Amino acid sequence: MKKQNDGERVEGLSIAYIGGGSRGWAHTLMIGLALEERLSGAVRLFDIDFESARVNAAIGNRLHDRPDAKGKWRYEAVKTIGEALTGADFVVLSILPGTFTEMHSDVHTPEKYGVYQSVGDTVGPGGAVRALRTIPIYAGFAESIRKYCPDAWVINYTNPMTLCTRTLYETFPQVKAFGCCHEVFGTQEDVAEMLRRFRGIEGVDRGEIHTNVMGVNHFTWIDRINYKGEDLMPFYREVAEKHAAEGFCRESETNWMNSYFTSMNRVKFDLLRRYGLVAAAGDRHLAEFMPPWYLKDPETAAKWKFSLTPVDWRIAERKKQDERQTRLVEGREDLELRQTGEEGVLQIMALLGLGDLVTNVNIPNIGQIEGLPPGAVVETNALFSRDSVRPVYAGRLPGDVQSLVMRHVLNQENLLRASFAGDRRLALNAFAGDPLLSGLDIAQIEALFGEMTRNTKAYLPEWCVAS
Amino acid sequence: MKKQNDGERVEGLSIAYIGGGSRGWAHTLMIGLALEERLSGAVRLFDIDFESARVNAAIGNRLHDRPDAKGKWRYEAVKTIGEALTGADFVVLSILPGTFTEMHSDVHTPEKYGVYQSVGDTVGPGGAVRALRTIPIYAGFAESIRKYCPDAWVINYTNPMTLCTRTLYETFPQVKAFGCCHEVFGTQEDVAEMLRRFRGIEGVDRGEIHTNVMGVNHFTWIDRINYKGEDLMPFYREVAEKHAAEGFCRESETNWMNSYFTSMNRVKFDLLRRYGLVAAAGDRHLAEFMPPWYLKDPETAAKWKFSLTPVDWRIAERKKQDERQTRLVEGREDLELRQTGEEGVLQIMALLGLGDLVTNVNIPNIGQIEGLPPGAVVETNALFSRDSVRPVYAGRLPGDVQSLVMRHVLNQENLLRASFAGDRRLALNAFAGDPLLSGLDIAQIEALFGEMTRNTKAYLPEWCVAS
Amino acid sequence: MKKQNDGERVEGLSIAYIGGGSRGWAHTLMIGLALEERLSGAVRLFDIDFESARVNAAIGNRLHDRPDAKGKWRYEAVKTIGEALTGADFVVLSILPGTFTEMHSDVHTPEKYGVYQSVGDTVGPGGAVRALRTIPIYAGFAESIRKYCPDAWVINYTNPMTLCTRTLYETFPQVKAFGCCHEVFGTQEDVAEMLRRFRGIEGVDRGEIHTNVMGVNHFTWIDRINYKGEDLMPFYREVAEKHAAEGFCRESETNWMNSYFTSMNRVKFDLLRRYGLVAAAGDRHLAEFMPPWYLKDPETAAKWKFSLTPVDWRIAERKKQDERQTRLVEGREDLELRQTGEEGVLQIMALLGLGDLVTNVNIPNIGQIEGLPPGAVVETNALFSRDSVRPVYAGRLPGDVQSLVMRHVLNQENLLRASFAGDRRLALNAFAGDPLLSGLDIAQIEALFGEMTRNTKAYLPEWCVAS
Amino acid sequence: MKKQNDGERVEGLSIAYIGGGSRGWAHTLMIGLALEERLSGAVRLFDIDFESARVNAAIGNRLHDRPDAKGKWRYEAVKTIGEALTGADFVVLSILPGTFTEMHSDVHTPEKYGVYQSVGDTVGPGGAVRALRTIPIYAGFAESIRKYCPDAWVINYTNPMTLCTRTLYETFPQVKAFGCCHEVFGTQEDVAEMLRRFRGIEGVDRGEIHTNVMGVNHFTWIDRINYKGEDLMPFYREVAEKHAAEGFCRESETNWMNSYFTSMNRVKFDLLRRYGLVAAAGDRHLAEFMPPWYLKDPETAAKWKFSLTPVDWRIAERKKQDERQTRLVEGREDLELRQTGEEGVLQIMALLGLGDLVTNVNIPNIGQIEGLPPGAVVETNALFSRDSVRPVYAGRLPGDVQSLVMRHVLNQENLLRASFAGDRRLALNAFAGDPLLSGLDIAQIEALFGEMTRNTKAYLPEWCVAS
């Protein structure tokens, strides 16, 4: 069935979901699509674990006949990426590069060297090694997209977001890809809740909090917060100052001590005090981009009121998710169709011409951030309209923030170059440039890199692994 | 009274209108403001012809008590620019540089040399000499704005739009200024009418026709036309091809043979055929940016179905406007409050935080058009939000169009430099570079420049006038 | 025999000469090589006219045993470009794209439309059509160089110089190529003679006249002339002013009325008066880059004291050259080994590490000229040293000169794009953008382009020729 | 007496020497000038310690009548900077910002925090605080130069070289200034000695070792070493590998254990192994630009075979110099006129038109290094000719080296901005960004910055000092 677009609704849309066995974001997408009555079509799920994709297909198809599902979709698990991509209008990329075994090494091996990470999937030693695993996979995706659906729009959700997106463009420069991340939305939600709690303004939607965003994914900075006619930066600064010690989180969020995903924004408030801008990602991400000021050890992290997410917890969590998958497939549990305003669906609609949208997105720098290198994947606002994503000029970071961001931009570019060239020396130098390793000397850094690459060699290119 | 902004409405807004004696755009602004219930405040009108400003103030104030005027405004004519600007939140610039005497020379002196112009206020010999009169005036405006209201937003309507805006930034780089022009909207309205006439789709608003715009004012080019889910470029091309010979105009427009402002878009359709993009301004403007292919002589223009606007007609028209001003002041006639969706008012509201807006605007190039010089004032879409105008990345012009546009960009930059430096040789070289003078040899060009500058010397800097 | 370089002399050098049947520059190279005792080796001559190459090889080999030939070289004509290029350390490109038949059309067909050209091989209608013939040939050369000798240095002498060099880089970005032209040297020689004639300083070598050069080939501009401790710009200006009417040429030059290559620099002096810089090429070239101010008709050219070179004269001249070739081969005449300081040989020596050299050269713009597009081939000084040519920062052209130059830069870029894309519309638009065609309307331009491409279709890609 | 330049020699040259009381470089300049027969004139010495300047003037004037002094110069100590600068053709800047007391704190206070520096005048905590003292002084110099001798050429020798030069341009953008440093020459001399020692080639002059240089002062990198026809990079790599453990120094150099200025190049060889390029400064400087890999503690430095220069040693040394000054003034000792090929004098001669020169120099980046920000002061080769210094395009640093260099470029730019804006927060952030402080946490960094600024507050702007 060919896509039909009458300007009000689109039928017969074709979406390829690579990594379609996912237990998390797959549901979010299914729910988002089911809630949107103006779209319908088919989703083809591809995963190297075919069975997981098959389970998700079954779950998705259960939605079709539910009366509360306004968008009607068919889900199908396919065995090759080519089947998934052929004819796709949109491609969703959301994979786990490697397994929890590799992730365990990414996150915990550095601890033997006194280096702690709260997430370990973006920068830091864990992010770097994960990138070395991911780049070749994404180069492959780009080749497949070039071959099977060169005109499709590609939405990436995988971390490290910046390098995944960058790899797509490096391999296939004409690719229509962008990276989509929810961290900035969290900051907007914080502001909405601050307005409620400290000003008594109820019902503010995060979409009403307009921010100007610049930086790289998970290390974006906001220099403007507008709400209706008001500049909210002074208000935010005031809240941040007053709550510098105890911190702040939304009521909906679990207490940070019981949650590996919540924080109290104390790192964010401290960065605001030091650098003058609002860093728009969770503290767990932000801390990893800085020298180990906030991540010296678990006690320091606890003092700043955020957690280090242990991979063992993720493994336990996965078990629960698997059980839930079974319940969902067997109909013992149903997906709850609750409006989330899922950005991915809004972006798809805008790209189909169903309404312009300005939102933050990760794409190559073509001048939207002055002072960062052209071609580097950066995060700013962009205008989404029919078949186009155009960055909105965001400005120039203050010199001290630019310096923090540039360091990662160049490290990431070096990881990319190293990966494409198979240049272990360059990979090591990029690894060594990460600020989280500031306290190690070069011999320790070399030993750590050796150990981490050996630990994860099953999923790494050969040149990368120390003999 | 200080501005009050509760995010829903703004009271006590202060607008300075320089050139406030205008018979045309002053009414448009008054009507736009009266129709917008979310704004109220005061407008101070300044004009070197104080009496005209006083008349407009009286006309404006008559609106205040009309029940159909939802926005309540007070108008006051002031005798100095300082009074107008002090405390202004917005500054509107809309002047006539010189008098009809100078305009007469701009437009008609070149005819003695076989050079014809349809408007003569943007480029061509008339535009160049008008620029040389205008730049020093605008340098003065910029100095006054720096002194009296450096934080105000400045909206320019005067031609030559590009050089007026450029001069403001050259003089006062922190100025928050942009140039606003309606020509692109005309093209959007054409498309809406084409949809009605050739596809039977009624009620399309020009705001639903999304275009990507790039170029310089009056010589902007559209490479994307979206309407809901559809790319309308093929449709537009088809219409243009079919109507290449007879042309096309909206039904609301007066027959071009009876109007000095209407055209049949034959030039636009021919440019589309030659260059592949839609040139988004009236044919009268477009023709002036090209070599004299469409303006060889009045017969050629007539063949292309557009008119040369004689300045005598403007003088006669002015007389009628003056009579109408008297009727309006005396209450023998009333301004008609009809919704026009005046862009200026929408822009003001967006800048106040009352709703984001993406629209085309003239501001310095900071990368929104690749391949044109940084700093040159260009026209593209921009995102208007509270206290900011951020260009949206528009792309790169096709090489042949870039060449056409670049020539004017460099000529205009040279006129600016010449004016700031008092360098007659450079001014002459910029003048000589205009494509409308392609058929003259250098001796004729020098003679023409001498004659035009002598004719208008009352309003020109001394260095500029041939002895 | 492998190249041996002991830092004092290089033996076993291998040079490929493409277009090696040439009657002119081949001799210059042979003489230059014979005079340089520090170099020796082999030259392989390739030409689509093998016989011409064979004749030149014979002439070259006659030099070997002459006692006044200090550099010892063996010449060999080869039948394929691969044989010529394999193992080459240097590649010399010097071809005639097409025959005199095509050149005749390039130069003289436009005369039917009232358009006159003095040379017709660089810009203007003749230059454009010649470029359309040449670009595909040069794309082929670049592919061959990539295949057979990717590390060789490539020296281009063919016109249009800019587009030949640009095509090499477009096709094979890693090519080590530059374009070499003698026009700037002529200006330096003029200055040396002015010093002699008007100041009585004897024996000044052109190498002592240091100039800063910027522009594109045959349209380069000098803003600095230094001789020892002195800025000679005031002196040059004074000479130019005094000789504006009668002009100036070197005593060694033939009277311009009897020569198709000499001029009296009246155009150059007029450009200096108008634009403030010294245009550093012969008037015959300069006039072609401007609107037809100096080339309105043959009488105008005569008034400016330069000639239009008829192709019939070139044909007659060729006959004489052929006769001379025979005499040279048969030993009835000998090449005269006279020191010319041939720049090509000096450049080769510098690239071999035998002495750094700063000289003007045509290479892609990487910032040596601010304000011209990156990648465009421009002419400035560069530092030649062992295996590298690095441009010296030249500055920014004055705005009015930049505008003149930019027009050609963009036209040339458009010709290149048109040629690579097979886009006739773009080729026509680039052709139409040439200032020499300023006086024509678009219908005439189209007719001329059609006629010229039909005339030369034997050597043009098919898409280019009007049906 | 006015300057007379006949192209062979220049008489009546006027040089202003700011910091003219110096015991070191003043002699070098005097000797250089005395040895150059083609120059003569007057040097005016200004120093805030007038007596020191007076002593140097006396020493300089003693040279005048010595028969071995071929260049004849008069020296005069003056009491105001205006007297020194008025009429100057060249300005030499060579000062000590503050006293040894401040230098002591720069170098040794960080040791209390476990941070060691070998020099402490360029980057690192010492370099940063020294910069904060120096920038305001240099802003004053620039204002004086603008006032008294805007057309003079300004040669800076003071450290931090980059920020001194940068400040001159920031304050007075038209200044004709460059920074001159001898560190690269040392590397060239190393190569010459390597050729002698390992290849038996005697008598190689460092001028014959052609290098391509890129980076910032004291952290420049060489990617090409040419000697006659040979690429010496493989040779250098081989030497570096073989001597990685024991190191290498020139025979003329004092054993590093007895000298605070000599090193064994072990750091340089290690950087070559890791990054692939030759870092062209002494190890004492290089180590300070890296994380504390080579400067963890004095033992680590000793292992790498270089010394930390204690300021007490400098104080003792100064005493000896003072005694020598007395001997020189009283004629009990004479300056030895030995050919040093002092670069400063060669640069002066080239700028006077007495011979072009390509040498490395510190000037704002206008594209000579791709990938570093425009305007940042960088070190590359440049072409010196009459009244101009034009950078030669140097290329792009490999990504990993670019990252190392960029970090300092941005830190230095932030120090400049902080100093001009009086922004202590920004100054602290720049300070905190220095890699030598990698091992400290932010509280320690703040404490160190507070202590260092309090220690040196006599010479710091007030805003900079912690209360």
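Letters A, B, C and D mark the chains in the order given here, with residues in each chain numbered from 1 onward.
We adopt the following convention: a contact is a pair of C-beta atoms (placed from the backbone, for glycine too) under 8 Å apart; a residue touches a chain by one contact, two chains touch by 3 or more.
Nothing here was measured: the structure is a model prediction, and the numbers come from that model.
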{"item": "Chains contacting each of chain A and chain B, listed by label", "value": "none"}
{"item": "Copies chain D and chain A - interface residue numbers shared by over half, same or different", "value": "same"}
{"item": "Between chain C and chain A, distance of the C-alpha-averaged centres to the nearest whole Å", "value": "55"}
{"item": "Gap in Å, rounded to a whole number, between the CA centres of chain C and chain B", "value": "46"}
{"item": "Multi-partner residues of chain A (each touching 2 or more other chains)", "value": "none"}
{"item": "Residues of chain C that touch chain D when the two form their complex", "value": "5-8, 10, 210, 212, 224, 226-231, 352-354, 356, 358, 366-368, 370, 381, 383, 385-388, 390-395"}
{"item": "Chain B-touching residues of chain C, taken from the complex the two chains share", "value": "274-276, 291-293, 296, 371, 373, 398-400, 402-404, 406-407, 410-411, 413-414, 417, 425-426, 429-430, 433, 438-439, 441-442"}
